[in-house]
Amino acid sequence: MKMEKLILNQERNVSLVTMIQEVGGEFGSVVKRPAILVLPGGGYAMCSDREAEPVALVYAKAGYQAFILRYSVGEHKDWPNPLNDYEQAMTLIRSKAEEWHIYEDKIAVIGFSAGGHLAACAATISKNRPNAAILGYAAVEKKILDMLHPDLPIPGEHVDARTCPCFLFAARDDRTVGIENTVNFELALNNENISFESHIYAYGGHGFSTGEDSLAISKMCSRLPHWVQDSIEWLGDIFGKFGDKAMTQPACPGKVGFDREPKLSVYCTVGHLKKQSPETLAMLGPVFAQLDGVIASYKEKGMDISGYVQNERLQDLLQIIKVPQEQIDELDAGLTQIANIF
Amino acid sequence: MKMEKLILNQERNVSLVTMIQEVGGEFGSVVKRPAILVLPGGGYAMCSDREAEPVALVYAKAGYQAFILRYSVGEHKDWPNPLNDYEQAMTLIRSKAEEWHIYEDKIAVIGFSAGGHLAACAATISKNRPNAAILGYAAVEKKILDMLHPDLPIPGEHVDARTCPCFLFAARDDRTVGIENTVNFELALNNENISFESHIYAYGGHGFSTGEDSLAISKMCSRLPHWVQDSIEWLGDIFGKFGDKAMTQPACPGKVGFDREPKLSVYCTVGHLKKQSPETLAMLGPVFAQLDGVIASYKEKGMDISGYVQNERLQDLLQIIKVPQEQIDELDAGLTQIANIF
Amino acid sequence: MKMEKLILNQERNVSLVTMIQEVGGEFGSVVKRPAILVLPGGGYAMCSDREAEPVALVYAKAGYQAFILRYSVGEHKDWPNPLNDYEQAMTLIRSKAEEWHIYEDKIAVIGFSAGGHLAACAATISKNRPNAAILGYAAVEKKILDMLHPDLPIPGEHVDARTCPCFLFAARDDRTVGIENTVNFELALNNENISFESHIYAYGGHGFSTGEDSLAISKMCSRLPHWVQDSIEWLGDIFGKFGDKAMTQPACPGKVGFDREPKLSVYCTVGHLKKQSPETLAMLGPVFAQLDGVIASYKEKGMDISGYVQNERLQDLLQIIKVPQEQIDELDAGLTQIANIF
Amino acid sequence: MKMEKLILNQERNVSLVTMIQEVGGEFGSVVKRPAILVLPGGGYAMCSDREAEPVALVYAKAGYQAFILRYSVGEHKDWPNPLNDYEQAMTLIRSKAEEWHIYEDKIAVIGFSAGGHLAACAATISKNRPNAAILGYAAVEKKILDMLHPDLPIPGEHVDARTCPCFLFAARDDRTVGIENTVNFELALNNENISFESHIYAYGGHGFSTGEDSLAISKMCSRLPHWVQDSIEWLGDIFGKFGDKAMTQPACPGKVGFDREPKLSVYCTVGHLKKQSPETLAMLGPVFAQLDGVIASYKEKGMDISGYVQNERLQDLLQIIKVPQEQIDELDAGLTQIANIF
């Protein structure tokens, strides 16, 4: 492993620590590595050392190329300075992907507290988006952000279809950044069908970083340090795991639901397909009739499954009622040529 | 361990399975045990076996007295039949606390899906409240509840200061009970300062129960089965752990924040104390003046900490600015005689 | 789950507790279950409750049919009474395999302390052998056994090719049953190429059972309770995991090495094959010549790999030097008709 | 963290990579750190990169100062070159303890395969001994060592009272370094009452290092990667955990039993004390008489506890039979002035 410190902006005191591990040789099956960019917290007043190297080491240990960005803080904190620093760092990393043996579509960002705000901005409003974001007790609500700086954007308002999958963690009893910061951001992700995982621990306060023994967190519950290994396994689900000369296929898609994709498909829910154009509805008429028949037969037995049917994917239902797969495929071929109305 | 099946209501087919373990003898340090009541899911159409014994065994293994309630479903599902079944079961358990060696103030309830709705109702609107509630992919939003039965109460609307601490888990990609069910209930708990822990796993769908190998869950992420052990440790934080002839002191209070307690205290936040009666404000005048001085001195340095001060507990701030503990204690003695206005 | 207590021998106070779980119905993919028989410890003076139900619950929770044998102790402890009790119990379980939904070739035994002696006897000298054995701080050395009863067999002296795979655990600082009991039994298993797993924890003393909080173990290291989940996963490696209507293929063979099987095979090591009859050697002559060539070429480079070659399986080496698989298969077809000399 | 590569011996190509983390500042409670020296494997033909940085990162993440020694191999492997390299490295680390913020009595060594041999030699025959040793599938038996080099010392023959606590791990099915290497070394440690922990996994072969996903181990059981976190927790038991400005008291003593300490004590076993000089026996006469009385009373009930009594610590027995603590302390004061005969 080679560890270096690059100065990104002398004037604003912005630096990037790089931890680059070898590929090939004795690591023969590894030809490239995924990467992660660490954004420490510190209320835009500082970049906390406790959320810098101790965090980067976690992912370096897991085989990731790891980077720590010390972005503009204190007198240089005016927005969008920190975001610009992020853009510069991510652009540099992607441009050096070859030299640094990095899969350029497998680069995560992790941020804590104010760094979590920056990470959430990277996931929602940046030009050079990360492929996954880990948000640790991130400050993302207006009430707390206004205390840090009056001009900060509210990431939850900008979640869109391009937002990457997110992993969120915090402690319930955080009194610096209230738990509604994490919970409301989950709702924003949910509204856009973005995949996420979330762990809110009963107690641990604010700023616990990895919860490692050596960080001397005063009071935290036994589950809290689990976010570290859990986040590694989650990244393995989103990026794929290390395989032979390539990463394996991701186990978890970045989206939950396909109702917001540009084109229609049999993966859309019935409820969503029912809101499409008359032409589409005509095309779907026969299968909808079949489903209505099933709903009616349940109603006779005193059971209303119409709500359930609305929420299910068309494909799943057609499979349940034994529509032949070729017929489903044919339907899908038709749907995927139709622009989605949403 | 003694396992029995008690009939609670022959007509409605309601039963209670009891798993009672010994105390004393070779379990000399154990004089009583905490308990848990399992409420299986099944859309109020059935009580799923997959969420019954396999779940009770988890807590029996951890030393709990375990109970499974098969409540009114199908033709008997009309509300409040299931809630009445719960009340009957909990009343029976508490009345037999002596005979069954149970701490009557350490009885949890765990429910899944529709059983999670029932558990959430137990936590919010029941007469005989549980001391902790574990909610697994619980159906608690109007949209989904209306599909089950038109008259079901919405538990999130009834969270109050008496609501017990909750542990919530679900999978992000649950399409039967959307993840907003879990997330919005967390917001309701947050609004009332109720302690909770929450784990939302990237994928695992609906109805995964313990995620045990033998349940053959088709597709779930590696973290998902962790809720089982995590819930045991969380209960240990809320109820205390098994100690010598008694449970140890709980590590986690049931409330986060004390702004909603019947009486005031130095544990209230400054922001909350500022909304009290003129008499109270007069009493707090001198310490508020001190705090205002600190805020002003920070403002001179260009930093606005007034929002931070609002959210902190009075005691913590007074300790930071080195007010002698006796003086704080004296203040507290005064405050705890004043009814809280909220 | 149905829990019953069967009396096996009234006179000697021998009983079998059965915990039988359902198959089919909502457990549709489960048609049978593996099983485990628990043998509590207690120095053949008693059967400890602490190593009975709390242990059975572990495996019941994992989907196993679980049994607790309270065997002959105290005035009835004369050998082979306890072994006879075991034989009776195992014979009963296997005879009821159909009724109790049990895979009769997937029945483990777990014993603690003196019960570990009995479990080790089951694995080595019983007529009705278990398919896997878990030995917890088992007393198996003459020095300690003689203190319990003068006539007890020493299981380590009877490990043979039919001995099942074993999982051993104990605490290093056990002063009742010294750690050499566990370590020397591992050597005996090693001598017969039996597969095993072993966990010796730095401290925890004697009699810690599952290490569960409710058992109030006075002083044990944080790793100690891991044996519980580890043993479940190990059983999954040995028996296979729950699959659809069947257990999956075991990941771990019961033997390490095939040099002691009745017939030869390409899985034998080169060193072992070299000790066979002249006819066998003649048959293997060409491949041995190839290997000698490789050894010679390494020697030229100053590296002696002859020892390594002796210890490797013939098949693995032939694959490394790119002998075509058909040729290896042909060789194996020949070898498997030849009786092994060992 | 600062990462550097120091050349220890240019001619033999010996180097030391240092990973030094900060103390003080934001790590205010940390004034020094424990340390670990990594000795990669490679059959004394090479130093494997797979057992170098990936291992050092594990302990760096846990807050340790980490070092990687690439010792003399290949043409420079003649003994004692590698041991001399170790001595040089350890001497350097201890001499720089102040500058590098290291507790000089809390320095572990970890070695794999041939590096495990070197680590075991460090623990047994080096001049500058480590304070704990972690041995991963270490080659320590004559049979395998002779294949590496004819003159290598056999560490198991040199275990003595000064040998540090050891943590051993390996896979049962290791065919390069047979499992007897690990098991027999445990017996050697046991003979000298040295504290140890050991994990032998059912399968994983040789050379699995941390078992991290990115190392692409072909076939290993699910428990195998647990040695990593387990070894960190074990070091915390042996060295103490990070506390406020100091490490906490170790939870696990380095010795099991005190029968081999230079002086006697009430912590010696009764059996050992009985072999001491007539003067000592005279001094112990009254308490031995008391114990004999207890043994006799049990014999009347048909129970022989004399063996048990031999193996127990005098203090524990005296406490059980309610000898007043002052009397025990007085006895201890006398015993600790007497040289131990063993």
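First chain written, first letter: the chains are A, B, C and D, and each begins at residue 1.
As a convention for this text, a contact is a pair of C-beta atoms (placed from the backbone, for glycine too) under 8 Å apart; a residue touches a chain by one contact, two chains touch by 3 or more.
Owing to the predicted nature of the structure, the values given are computational and were not obtained by experimental measurement.
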item	value
Other chains in touch with both chain A and chain B	none
Reaching chain C from chain A through chains that touch each other, fewest steps	2
Distance between the centres, which are taken as Cα means, of chain D and chain B, whole angstrom	44
Centroid distance [mean C-alpha coordinates] between chain D and chain C, Å	28
Junction residues of chain B, two or more chains touched	none
Topology of the chain contact graph, where touching chains are joined (line, ring, star, complete, other)	ring
Partner chain C, residues of chain D touching it in the complex	45, 144, 146-147, 165, 172-173, 175-176, 178-180, 183-184, 186-187, 190, 195-203, 221-223, 226, 230, 233-234, 237-238, 251-252, 256-257, 303-304, 307-308, 311-313
In the complex with chain D, residue positions of chain A that touch it	1-3, 21-22, 25-27, 29-30, 33, 48-50, 53-54, 57-58, 60-63, 210, 212-216, 236, 241-244
